[in-house]
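What follows is chain A paired twice: with chain B in the first complex and chain C in the second.
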Partner chain A sequence: MDFDIIFGNAARAAFGPEAIILALAAIGLNIHFGFTGLLNFGQVGFIMLGAYGTSVAVATFGWSLWVGIPIGLFLALALAVALGIPTLRLHAVMFAIVTIAAAEIIRILIGSTDAIGLTGGPLSVSFDAGAFFDLNPYADGPQDRYGVGTFAFTGQQMWVITVGWVLVALVSFGVFLIIRSPWGRVLKSIREDQDAARSLGKNVFSYKMQALMIGGVIGGMAGVIDAIKTSGADPNGFRPQVTFYTYTALLLGGTATYLGPVLGAILFWFLREWIESFLRQLAAEAWLPGAIADFLEGSEGIISVGMVGLALVLLMLFRPQGITGNRIEMQLDAR
Partner chain B sequence: MRRGKILLGLALGLLMVLAVPALAQDGADPGQTQLNGTIRFGFDQFFEGVTITVADSSGAEVGQAATDADGRWSVPVPGPGAYRVSIDTGTLPEGIGLREGQESVVDAAVDAGQSRAVVFAVGEAPKGTPFGERAAQTVFNGFKFGLIIAMSAIGLSLIYGTTGLVNFAHGELVTFGAVIAWYFNSSWGELNLIVAAVLTVIVCGMLGAGLESGLFRPLRTRRLGIFQLVVITIGLSLLGRQLVQLFFGAEPLPYRDFQVQERWEFGPWAVTPREVATIAVILAALVTVGLMLQKTRFGKATRAVADNADLAAVSGINVNRVVLIVWVMGAALAGLGGVFQGLDADIDPFLGFQLLLLIFAGVELGGLGTAYGALAGSLIIGMSTEVSTLWISPELKFVVPLAALILVLLLRPQGLFGVKARVG
Partner chain C sequence: MPADRIPSKESAPDDRSSFMDSARRTTEVEPILTVHPEPGVAKPNPILTMDGLRRSFGGLTAVDIDHLEIERGIVTALIGPNGAGKTTLFNLLTGFDRADRGSWKFDGHRVTSPSPDRLARRGMVRTFQLTKSLAKLSVLQNMLLGAPDQIGERLWAAPFRYLWRDQERINTERADELLEQFNLAHMRDEMAGTLSGGQRKLLEMARALMSDPALVMLDEPMAGVNPALAQSLLGHITQLSLSGVSVVYIVHDMDLVSGISDWVVVLAQGRVIAEGGPWKVIHDDVVIDAYLGRRRTGTAS
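Right after this comes the complex of A and B.
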């Protein structure tokens, strides 16, 4: 059992591109759920459109990456509008279900064989993200590694990580500014009691729509990073679980806080990868009975995702406000 | 103390699921990146000499294989990536073809060193039929599917009605039913599927009772918010699905019984006895539940609790007992729904979750909390899913009911039979 490798892997996941993607998705969701009280269960739809908008623009239409990225973000914005108009007047639980359904519709359509010509369908899509990596200041030879032990990144990864975390910092700061503003206070008042907000003359529908749009575009940014990181997109990567992971990260870090989603995303990937690496090392231990080792072999990922489910349950039971949150802000009574 | 009780409930639930023995995985040389699979019909018919061709994403052929006596095939591929696998249906025996709605070309992505299973669902070959007959058949299939959704939806709807809990883990109850029946049918004692289904209903009912008394009742006394409860059920759903994947595996498997059946002809319909039995059992269950809610003291108590739990408690109704019975009944019916769905479409860990969205759609379409609305909504969802395959590719069929749901909510936010209430 080599704990250096386990911690190295966990740290790499915690600061790598996956955590950046999750952090951006959670920041967007925090605006929807944490500050406005919208039970958006289709955050993966925004991520998917960000990723596919970028990928398809470059791969299928041959446009520049710098055109593709705004297209991805615009599609996420368009989804927010298209989704918001019919659904923002719904009961909170219905809103949750409709948003899941909408994200699933998009995933099925994108991944269908009929869409192969446009999105690559089930074959997934890949493009050349060279325009992004041309700007890479890190030396990117085959031997270049940045970090210690297994906690090390290649030059390309370093560039994605640098840009990604700067983006996370900027977006977090932006969210801090808008939520502190009078506009942000109206959002919180809608979360607490939308009838009261309405009786004060606020247009609740319009505020909710704006929140949905802003959070959706931030989700779209997560998708753009995802597309650049993998130089493409695969429909199977956008199942409803992604939204649930995003909720896990948000709830872990602390809902309705500024740093909660970021902290949560880092912790989420750290713990998930730690468990997976630990189990992989455990399965290789000689003293372990063969039956258990065989059982663990190849199941590490399945178990670690199951642990996410368990973590959600325990978190809600014992610390619904997460690590940094305020319990009173979590007393959301969905209507 | 209360925490202890909750943990105990969780631990018990875990133990119940962990008691399922692991299923041995098919042996394949590790390390070799390959695509493989088994061409079979039901549990005991394996087809030899079926040709499988693998091409890479540019369309160039990578390899070809014929199935061995056990119906197995495997094609090594040069590296990770997306491949296109096609089956030569001409090499299947006479009268055997791909099941309705299955494509002869399947796309599969494989990771380095992974051996990825590709499934071709084989069955009696569909005959070339005129549009009218196909339409009649899809309406029939949709009716049956709608009934399965409706039966699985009863629990979801009643639990919501009596306790306000939106149970995202309800789909996993359905999966659990399908999987437990599979174990009874194929592994533990190899029982006849009918016996297995009866045992499954009992096990699922017990699971429902365990969840209610071990987890959700203590949670109600802690007065958790709606959102926290929803997240807990999502967590349970993830956990349950991963446990099924861990023990049952990800590859779809059929039941041993009732796979090969002669079809009965009724006018334009050709139906198998198992489909007739499915419909008969579900209709009987729905009528029983309906009568129970309308005519019995328990039904009256349930409706009273749904209307106002506090008033019901004040007037002497044992609310916890009513909710417990609702849970037992709902979980048992969901499990039975899983058995029927598994009989129809093979069992895999995502069976229930896939159905869950349609169950929600049916319940919402009818109007949340309306019993007959949920039935009507489920039938509409089932029908629209199946009938749409007349015009669109079957892989898109789940888009139709979900889109219909959004459309209806746009026009009638309270659902087709719900009462209007302003929100937002």
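Right after this comes the complex of A and C.
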């Protein structure tokens, strides 16, 4: 068993594009769920529109990537408005149901055979993200690797990662700026008790809408990075579990904190990849009984997701505030 | 009102010591004493006027008020037995519920589209029977939320601290003053969720005052509060009216009515069955029948 490889793989996942995408999705969700108390179970819908908006604009309409990216973000914003107007007045649980349904409807529409001409339907869509990689300052020969051992990235990956983490940093800082302001205080008051916020003269609907739009656009950014990373989009990549992974990352890191979603995303991918690599190495060990090895073979991914789920359960039991959260604050819920 | 009282009245808002100026209180209360105590009577200077206000839930008519005026600058107690429609009336007036029909005027303007936040911004602030302190915000943050027109509450201004910093500082000073008054200064930086039930009532009331409201509507401010704290709450209500704020409060216990209220409105089954000075109302036969009868007849006979 080679732990260098296991840790290398885990670290690569923790700092790679997947973690960036998850971090952005979680930062957006944190605005919805963490700061405003909106139970958005359709965060994947915003990611999907970000990814497909960009991909379709470039692949189907042949526009520049620099036009496609704003289109992706705009679609995520439009989804926030379209979802928000009818549903933000609903009870929190109703909102959760509507958002999860809306995200699924969008995915099914995008992936339907009728949509092949536009989105590629079930065949997925791919485009040339050359405009992005033309700016790549990293040498990108077949032999170029950045890092040590298995913790190494190609030049192209390095460029995505650099841009991605800079974006995560900027977005996190922006979120910090608006949440520490009186505006952010109103969001938190809505989370605590929206009738109290109303009685103090705050237009709750308007604030919820603003929060939904900002969080949705940040989710859209995750989708844009995803589209660029994979040079396309596939409807199967946007199943509801993406939202649940996002919640997992957010809860791991700590809801309603500034760094929680980022740390959570890093940790989520580190754990998931560590366990998966570990199991893969384990399955190859000669001393392992054949039956267990056969069971492990090919199901490492599923088991590792299950283990992350187990970690989340343990976390909720023993450290419900997440890694960066404040325990005292959590306990105030049990009034 | 005697003309020589007017200058002192104008200087009052700047001078907080005038809280204790009982002479001023008399000038506010005097006119109401001349009003004939009967349901729906017109008052000299009403801040709130209701007409034909009606709200029913299924077959139950919770509120059915032909005409009711709430006088400005005094403390009005709203009493009535359980299910009399007191809280429903509050919810209607503050926009938390919709009336089936009827209209009301606040501060001389007809309320056309009652939304809670708009009414609050116009100066009608309420508290709740079940206290709504914002648990995961500090006591100070709770207070700052009550401040009106903070430009930093607009998204475009939020990221730029220099735009709202000065306003925040002024609001903080005001908040500290109020916290001091309400004996909450030592809890300033604690989470509101750590406060006791009574302290939350105090916080909610103090928070409502951050906006310098014209009318404060308190839903059972004394419910579930120990007697000592209830006394201090009563003191705060009196001080409020001294500083020129109109107060309406819902109360259950008749003993808490006479001490501080200048006027009492009695609701039963959604209707105004009596109103008048506290002393008058307590001895009104209709009120005793509808509300106090069950409790007092036993001791009287």
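As a working rule, the second predicted complex is superposed on the first by the 326 of 335 C-alpha atoms of A that agree within 3 Å, B and C clash if a C-alpha of one lies under 4 Å from a C-alpha of the other, contacts with A are read in each partner's own complex, and residues count from 1 in each chain.
Criterion: a contact is a pair of C-beta atoms (placed from the backbone, for glycine too) under 8 Å apart; a residue touches a chain by one contact, two chains touch by 3 or more.
Keep in mind it's a predicted model, so treat the numbers as computed, not measured.
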* Asked: What is the contact status of A:97 with respect to chain B (first) and chain C (second): first, second, both, or neither?
  -> first
* Structure fact -> Of chain B and chain C, the partner touching more residues of chain A is B
* Asked: Touching A:201, do we find chain B (first), chain C (second), both, or neither?
  -> second
* **Touching partner for A:267 - first (chain B), second (chain C), both, neither** => neither
* Answer with first, second, both or neither: which of chain B and chain C does A:185 touch in the superposed model? => second
* To do: May I ask you to decide whether A:193 touches chain B, chain C, both, or neither, giving the answer as first, second, both or neither?
  => second
* Of the partners chain B and chain C, which touch A:110 in the superposed model: first, second, both, neither? -> neither
* Structure fact -> The intersection of the chain A residues contacting chain B with those contacting chain C is 204, 332-333, 335
* Asked: What part of chain A is in contact with chain C in the complex they form?
  -> 174, 177-178, 181-186, 188-189, 191-193, 195-204, 210, 328-329, 332-333, 335
* To do: Show which residues of chain C lie in contact with chain A when the two form their complex.
  => 94-96, 115-118, 120-121, 125-128, 132-137, 141, 144-146, 148, 150, 152-155, 157-159, 161, 164, 168, 191, 193-194, 207-208, 211
* **chain A residues touching chain B - in the complex, by the definition given at the top** => 39, 85-94, 96-98, 100-102, 104-105, 108-109, 112-114, 121-124, 194, 204-205, 208, 234, 236, 240-241, 244, 247, 251, 295, 298-299, 302-303, 305-306, 308-313, 315-318, 320, 330-335
* What residues of chain B sit close enough to touch chain A in their complex? -> 3, 6, 10, 22, 25, 57, 82, 84, 103, 105, 107, 109, 166, 219, 224-232, 234-243, 245-246, 353, 357, 360-361, 364, 368, 393, 395-396, 398-399, 402-403, 405-406, 409-410, 413, 421-424
